[in-house]
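The structure's right below; bear with me while I get my questions together.
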Amino acid sequence: MNSASSLLLQFLELVTALVAAPLLTGWVNQCRAWFGNRSAPPLLQFYRQLAKLFEKEVVLAGNASSLFRAAPYLIFACMALASMIVPTLSTDLPFGPAADAIALVGIFALARVFIALAGMDIGTAFGSLGARREMLIGFLAEPALLMVFFTASLISHSTSLSTIVETLAHREFVIYPSLAFAGVAFTMVALAENARIPVDNPTTHLELTMIHEAMILEYSGRHLALIEWAAALKLYAYSCLGLALFFPWGIPEGTGLASLWVALPSLAFKLLIGGFLLAAIETVSAKLRIFRAPEFLGTAFMLAVLGMLVHLLLEKAT
Amino acid sequence: MPSAPGFLCLDWILSLVCVWLAIGIAGLFAPRSFHYISRVLYPLGAAVGIALAVVAFAALPATAETMVLPLGLPDLPFHLRLDALSALFLLLLGGASAGISIYAAGYLRKGEGTAPGLQCLEYHLFLASMALVLLADDAYAFMVAWESMALTSFFLVTSDHRMPEIRRAGYIYLLIAHVGAIGILLCFGVLQGNGAEGVAGYTFAHMRGMDHNDFWASAAFGLALFGFGAKAGLLPLHVWLPEAHPAAPSPVSALLSGVMLKTAIYGFLRVCLDLLHHPLWWWGVLVLTLGLATTLFGVVFAAVQSDMKRLLAYSSIENIGLLFVGIGLTLTFQAFGMTALTVLALTSVLYHCLNHAAFKSLLFLVTGSVLHATHERSLGKLGGLIHRMPWVAWLALLGVIASAGLPPLNGFVSEWLLLQAFLFTPDLPHGYINMLIPVAAAAVALAAALAGYVMVKFFGVIFLGRPREEKLSQAHDAGILERVGLCWLASLCVALGLFPVFVIEKLDHVTTSLTGAGLGSAMRANGWLLLAPIDADRASYEPIVFLLCIAAIVVAAFLLVRRFWHGRVRVSGAWDCGFPMQTVRMQDTAEGFSQPLRQVFEPFYRLTRELPGSFDKKPMYRVIVQDHFWYWLYLPVARVAELGTRMVAFLQQGRISIYLLYSFVTLVVLLFLIRG
Amino acid sequence: MEFLLGLPLLGGIVLAIFGHRNFAAEINSAFSLLTLIAAAALTVKIVADGPQLLFEEQFFVDPLNVFLVALTAFVGFTTSLFSRPYMRIEQAHGRLSAGRLRLYHSMYQLFTFTMLLALTTNNMGILWVAMEAATLTTVLLVSLYRTAASLEAAWKYFILCGVGIAQALFGTILLYFAAEKILGHEGVALLWTHLNEVKGQLEPRVLSLAFVFLLVGYGTKVGLVPLHNWLPDAHAEGPTPVSAVLSGLLLNVALYAVVRCKVLADGALHSNLASLLMMGFGLLSVVVASFFLSRQKDIKRLFGYSSIEHMGIITFAFGMGGPVASFAGLLHMTVHSLTKSAIFFAVGHAAQKCGSQLIENIRGLIKLSPTVGWGLMLGTLAILGMPPFGVFASEFLILTTAMKEQPWATPILLISLGVAFAAIFGKVQPMVFGEPAAKRLPHKPAMLPVFMHLALVLMLGLWIPPYLAEWYRQAAKLIG
Amino acid sequence: MSHLPLYAQIINLLAAALLLLSFAMLAQRRILSLINLFMAQGIVLCASTAVVAAATEQHHLYWSALITLVLKVFLLPWILHRLIRRLNVKWDIETLINIPATMMIGLMLVIFSFNLALPISELAGTITRSTLGIAMAAVMLAFLMMITRSKAVPQVIGFLAMENGLFFAATSATYGMPMVVELGIALDVLVGMIILGVFFFQIREQFDSLDIRHLEKLKED
């Protein structure tokens, strides 16, 4: 725990995440609307939604257990922590060492387990269906993500995100073919994990298609708000992660608040591009049947492992 | 021999073991008096367990102590030795058994299976023999303790011997255990080497001194792998495990899975790292691959079980696989003389031993409570128990998180260490292994993720949702003694999860004694909070900070929501997309929940589906998942043996002339042979 | 010494007269007890002041045979204790008449006498005579029930063992033929002690021939495959006490004879022919017997085959030779005869309780009578080489030594031990556990001998008294 | 041969006779004549023992000759005769292997045992060295006979014939065993014979025949 400034930076990261996550989601939705040339919802739509949900009272199913009520807070906390750890504004974060890449995967897994349990808690057909599918996606996405991290950390001989970013961003520029594989794999995982087409469709309540929605059907009011916010945070965290791994330039090394003047704009810019691309992918691809999803993620898994092999094969010298 | 004056740790431990024996025998005096046994003897045993743990903990840093008992063979009395490794596993035994015994005290019911007194005897003999296995310092003492362990546990497993399938389970268990034991015995026969002077060559001290050429060393290694693998449930010798664990009473299953499997790990470590000094690199690779196969097999099968104890048994197989993966890495690293990594891998193995002992015993005890509350073992008939038995449910949740390998509990730490060990392999001077390792790492990651799936199924189907049967509504929570036992194990899970640095510092004594180096020195530099095996900016993990962050955010979020908005709640029926009629039958059963996995991993299983016809009056859907190994390995072996018996039967045709002919021919042939 | 041989002989005669009275069983036990005391006295004497020759060298007692004498007397005594209630019940069930009982008692004593004679004599010829006499007495015992099956068994037993023993006689003649050139054809040429002194000069050719004949001859009585065919029948069809002494004692005595001959052969041949032959026979017996086990339907037959298996193990051990292996062999002899006789006691009671000795008719003994059930279970586990019983100790030594000296043999042993375990345990477990098949019969079993034996075996597994160990060591030294 | 002393020649002659008798028994079908052949063997045995005794002033051999005479010439044949009269089994039609084949095997056995015994008898200290081979041959032939016969009585006779061979080896090859041994042997043979006699009746009343092919119940199915 070095200086007050880095603590401040850490706090800033959290705040940025909390603020920017809904914006990002909003931006993605806007882009999707443009692609499907519909009239886009305003950028701040997500904030309004949250506010409304917080206002509403919670309608709780009769046999909901306390786990059901605790889950939203936990999930929200996990996602917030995740977006705190990912280096966006600076690389030396006091809480950085608390969790390295592997632990980060752990955080996501923790959140997933809790949301799945919450989905099963009420005991409706949809809830358990969603939980089942979510775990199915998870058990394939998780190792793939881990493999992506492994590739990166093989390059930088470290699993701590800050070090990875420093290695990639601030050493002399080297082209890593393995990272290309890893990047593709990561994108696929990110799509799956954030309940995006082609794996899931956040905007429908069709029994056949829903995964994430099916689990949170029973949530309402502030609980639902927290979960939605957590989902947005997750998207944000993943995006930042991708940026940090594959486009780390512009994340300053030093502490010093001065560096923020570089960091914030570059982050915003990269997020805009990222969101746009995400929307583009979603538009051009079609929703998969649920049992195609394993194949999709299996491909991602394979690509990630290939990435590692490629690294061991080609880049051993580096 | 340490010349420390007075009462050594070894003496303490020995006397504690004797107390266990005494308790067991005391059980025989009043075999039917229920209160005497459940309220006096078992708690006493638990106290002994704690004492054992304390002494072993004190013995960890001490130098090795040895002792010779006036028992055993004439030239080969029982040698005992207490070094760091055995101290660690004794600590494990004591800690786990304390919780299990106190739970058993509450768990015991009248009129189940064998007389409680007899069961008490077997139980404590089992504990004592495990302790002796860990202390033994010569082949004979080890084998005696080892087989007594198998025997007592067999009687415990079959304590409800009226059911044929339980007898069958016990039979398979004892058979495989015995064959494995013969393997171990032959392994010692090899280790003792040729220079041995008579019986005195069977002491471990002598074996340590021996130096074998590659062939004999590999033979010993192979036999050890066979023998200890059979006990640990390594593929393809795992079949007894999913049979025996469900058959046993829950505390016994907890002991079997939590502690006894670890004795196999202990033996394997003892032989490979202590008695055999120079592992060959391919040993490591072999163990690694077997471990991976076991891990994947175990978890994939665990996912489709619909009997909660079988599910846990398969998950034990998975964890054993992980342990062997770690051992494989250790051996490989040691073969290439990379000490730092050897230590890392070994630490992860030892750590995971402790973790698995804690959370798996906890989960098995939980199934015990559920069993008593509902008399139901099939997941498909449970559900919604979190309302009826909150204590068990919340403690079970801890165990589930731990065993799913999620932060911040203990399962995650060892998994994290293992993955770290994988990450540093590229420095290996061997190309193929380098290529193999990523795949292995991927498989481990996959297994870990699947474990999450399994655990969600376990917890969700048992405790969440709505009760699938009417009778569940009068389920009752665990009694006070049971709660104490569960809490003890759960707190172990939490402690192991939150203070890894402290634990690893203790593990150092073991790693130093086995490989001559430790992690702790490097880590103590970074302070108590930070777990950084190599150095802080290579990899680090701070469970406490992690937990505090999450807690802080949760609290903050809660308070803020309350502060700015409100906490109003209206209770009503479930919405469920406005779906009109909802029955409890519409929830996922165990089979339903694992259906995606059955599709993904179809080739792994031997599936037999019974689908309803179109016009069934009462349609019935059943799917039976079986193990290929029965049909690929065991039944063929049985068939071969059967063939052999049929062949020898020709010798005994009952005709006396033929018999005379036999002896005549024998005589002539022998005469012919010696003519030369 | 005189008492040792005189008492059972006297007992035989006495019981031939009073054997049908209902106090005959007590007389029987009393004589056995006296014999045991005499044996103990002799043992003490030998342990105190070394080997000795008696009656102008006709008798020779050294550690090797004195421990067998003690064992024989002990098991003989416990068996007589067991047979007292057992035979009463048999009589009550009308399977035996008083006359038969008389025959049984007197033959039992005579049988003990012949065995003790065979053990203590110094004269190879007398040894042969005693073995033959033992055969004759046991033939009568096996055919005691006079059922078709028992007659057939006795007939086979008689013919096969008679022929085998005849081979042994030819071997003895050859031995004499070789020895008389050195020792002259006075009586001494057949005295083992003298032969042992001059064994170096005996003509190897003749000795090898002689050893083959002796091995085939006495091996038939040991029950080595492929000369074993009489054994399961005789064990299954005789009365249970007889089965107990047959596999507990007679086999040991026959093996003792083989070992004595092996000592001479080794001395004369300067080659490991004898060892090879014995190891070969031993392994063959172990393998074949263990594969036979899983086909058995009759419980006594099952354990008969298990006796063959164990005799094979012991023969293998003696074949390997060396201090450790011979030590283990002797130890295994002891524990095997103790355990196996204990098992037969338990089996006898079980069969009486369920009124059948077919395995599928015996179920849930632990409910019918816990002592019998546990006795059978523990005995079985002991005989299967489960520690902490003594059988494990000897098997441990034998296997590890084999791993060291004859590694090629260990896979065979591993497989056969596994098969044997699977077979026997798979058959005994449902007999002991599970739901009882028959209703319990009134009479209470005499389990004292069973648990006495098992306790001894247990002790030998955990702690061998030093003098006993010393004694084994001397004997092992004699065998070499 | 010529320079051999007379009694040696006699003994060889008797040995040859013994072998011949064994062959005859092997070939013989009728039980009665089997018994007679057995008696003849006894006579030969007794004679040879006496000759050996006379040749080498070993007086205990006279005793054994006497025992042989009593036991094998009078007692056992008498018992056997009584038995078969009581059990009226006269015929023993079928053998398991037909006679000529048996003879061929027997011939091979004789050759085998001869060149087995040849090197040994070289170093025998006795004058009648060559008889050892014949004794062994006789034993083998008796063994073969026991194998081939399917009725109880001939089997027993084969058993006794084997005993004869052994006895012959004992006396003529090695000038007889010590007296006590021979007494023991004789006693055993006698007792065994009596027990067998008892057996015959019981087997008879159990299976109402002495065909030992009824005795094949106990086996592994």
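Each chain carries a letter (A, B, C and D) given by its place in the written order, and its residues are counted from 1.
As a working rule, a residue touches a chain if its C-beta (ideal position, glycine included) is under 8 Å from a C-beta of that chain, and two chains touch if they have at least 3 such contacts.
This structure is a prediction, so every number in the text was calculated from the model and none was measured.
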| item | value |
| --- | --- |
| Required steps from chain A to chain B (each step between touching chains, minimum) | 1 |
| Chain whose Cα centroid lies at the greatest distance from that of chain B | D |
| Identifier of the chain whose CA centre is least distant from the whole-structure CA centre | B |
| Chain A and chain C, separation of their C-alpha mean positions in angstrom | 78 |
| Rounded Å distance between chain B and chain C, as computed from the means of their C-alpha atoms | 44 |
| Between chain D and chain A, distance of the C-alpha-averaged centres to the nearest whole Å | 101 |
| Averaged-CA centre spacing for the pair chain D and chain C, given as whole angstrom | 31 |
| Contacts with 2+ other chains: residues of chain A | none |
| Per-residue overlap in chain B, given as positions that touch at least 2 other chains | 648-649, 651-652, 656, 660, 667, 671 |
| Contacts with two or more other chains, residues of chain C listed in rising order | 155-156, 159, 163, 209, 232, 292, 295 |
| Chains grouped in pairs wherever the two touch, ordered by label | A-B, B-C, B-D, C-D |
| Interfacial residue positions of chain B with respect to chain C in the complex | 70-74, 139-140, 143-144, 147-148, 151, 158, 161-162, 164, 167, 170-171, 174-175, 178-179, 182-183, 185-186, 188-190, 192-194, 196, 198-199, 202, 641-642, 644-645, 647-649, 651-652, 656, 659-660, 662-663, 666-667, 670-671, 674 |
| Complex contacts: residues of chain C adjacent to chain B | 155-156, 159-160, 163-164, 167, 208-209, 212-213, 215-216, 220, 225-227, 229-230, 232, 273, 277, 288, 291-292, 294-295, 323-324, 366, 381, 384, 386-388, 392-393, 396-397, 399-404, 410, 414, 417-419, 421-422, 425-426, 429-430, 433-435, 461-464, 466, 469, 472-473 |
| Residue ranges of chain B in contact with chain A within the complex | 383-384, 386-387, 397, 401, 404-407, 412, 416, 419-420, 422-423, 426, 434-435, 438-439, 441-442, 445-446, 448-450, 452-453, 455-457, 459-461, 464-466, 530, 532, 536-542, 545-546, 549-551, 553-554, 557-558, 561, 564-566, 568-577, 579, 582, 584, 586-588, 592-593, 595-597, 599-600 |
| Chain B contact footprint on chain D (complex, rising order) | 96, 112, 116, 143-144, 146-150, 155, 212-213, 215-221 |
| Chain C - residues contacting chain D, complex | 123, 125-126, 128-129, 132-133, 136, 139-140, 143, 146-149, 151-156, 158-159, 162-163, 166, 169-170, 172-174, 176-177, 180-181, 185-187, 189-190, 203, 205-206, 209, 232-233, 236-237, 292, 295 |
